[in-house]
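The structure follows.
By letter and in written order, the chains are A, B and C; residue numbering begins at 1 in each of them.
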Amino acid sequence: MVHSGRFTLSTQGNDHMLDITGMVEQVILDCGVVNGVATVFVVGSTAAITTIEYEPGLEQDMKAVLERLAPRDASYAHEARWHDDNGHSHIRASLLGPSLTVPIVGGRMTLGAWQQIVLIDFDTRPRTRTVHVQVIGE
Amino acid sequence: MVHSGRFTLSTQGNDHMLDITGMVEQVILDCGVVNGVATVFVVGSTAAITTIEYEPGLEQDMKAVLERLAPRDASYAHEARWHDDNGHSHIRASLLGPSLTVPIVGGRMTLGAWQQIVLIDFDTRPRTRTVHVQVIGE
Amino acid sequence: MVHSGRFTLSTQGNDHMLDITGMVEQVILDCGVVNGVATVFVVGSTAAITTIEYEPGLEQDMKAVLERLAPRDASYAHEARWHDDNGHSHIRASLLGPSLTVPIVGGRMTLGAWQQIVLIDFDTRPRTRTVHVQVIGE
């Protein structure tokens, strides 16, 4: 009834957006759940999970909007305190959130045709990320 | 144990906010789950689900804040690439997210008195939207 | 299979950020679920749940970014209509969202070492908040 999947992937950081829909689908296929939900969760405090129409234009647009919202070169108390450079990464990740839950109906997620599940890595350097996919259903 | 509900609704697009709390409650009532969770998910990449105190003032305020964050008339790589006009719609929808999971305790969702579940349609034209409500519990 | 936990906590309002990871962990320990998910949900329309590296610098940075996004002293239709002062609180809360779902694997949530679950209270006065933790699993 509960099935735990997991995968890792390499990112370039710096708002790199990766389509992970196929990897999530594979976990669902492997456990054979026909009706239920899949919770997709990225470990760490500088990456996020959401859905978007995955294409290079929107990756660039998301980066531009978030750069206005939480600029890379603004002054962050986090950076003053810990002598690092990723205050904006933390804020962007917390605003979008690390978790997404998607219904599974008839063996498939209820995504739209132009709606992909993406991981966005806001850290300032390449990272290896772990994503948990928890499938609950029957 | 898993119950799948679904409804469709017509929106005007352009940040139209619709209170869907009653429709989600009806799905929960119909399946008789007393303790569990309901996952509410909108299909498509230009609409979002969240909670808010549903009243016309906040619908207007949300539109104003998002217009500053991702202006309708800004330049979007998505629009240059695909010759459409909804780059801001995609970005706004991805920031809020398509999914919300709410506990069900004693047959009722644990919402506050002034906390409604809303769908916001960010697309630039009227749309028909499908919302899935996946109820898991006993 | 479904376990309902709940706790209350006092906040100072005004973007006060509280680490609730330990309280959520206690609910999971008490019900003995080893594999599943925990849904953490705050009741009310002026508070939110997300994850962040919990430290005073980022609490201050989050407040600064949200103050630019939805300033406390901007003009809000909500305030004009209801003669209150928390239009920005509602908008901030709706953007972050009231709900977070985290996988439980081997009896523990799949959080990173520097990834805490936080409640942020955006209201303009001290509040007592109720958080529901719905655990589903085996």
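One rule holds in what follows: contacts are C-beta pairs under 8 Å (C-beta built on N, C-alpha and C of every residue); 3 or more make two chains touch, one makes a residue touch a chain.
Note that the structure is predicted; figures quoted are calculated from it, not measured.
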Margin query: Between chain A and chain B, how many degrees of rotation does a Cα superposition need? Round to steps of 5.
Written below: 120
Notebook entry, point to check: Would the interface of chain A with chain C count as same or different, where same needs over half of all numbers used to appear in both copies?
Noted result: different
Checklist line | Centre-to-centre distance between chain C and chain A (centres being mean Cα positions), rounded to whole Å | finding: 19
Check: Can you list the chain B residues in contact with two or more other chains?
Finding: 1, 69, 95, 97, 101, 136
Check: So in the complex, which bits of chain A are touching chain C?
Finding: 1-2, 4, 39, 41, 43-45, 69-70, 76-82, 87, 90-91, 93-95, 97-99, 101, 132, 134, 136
Check: Okay, in this complex, where on chain A does chain B touch?
Finding: 1, 35-37, 50-53, 55-58, 60-62, 65, 68-69, 95-97, 100-105, 110-112, 114-115, 136-138
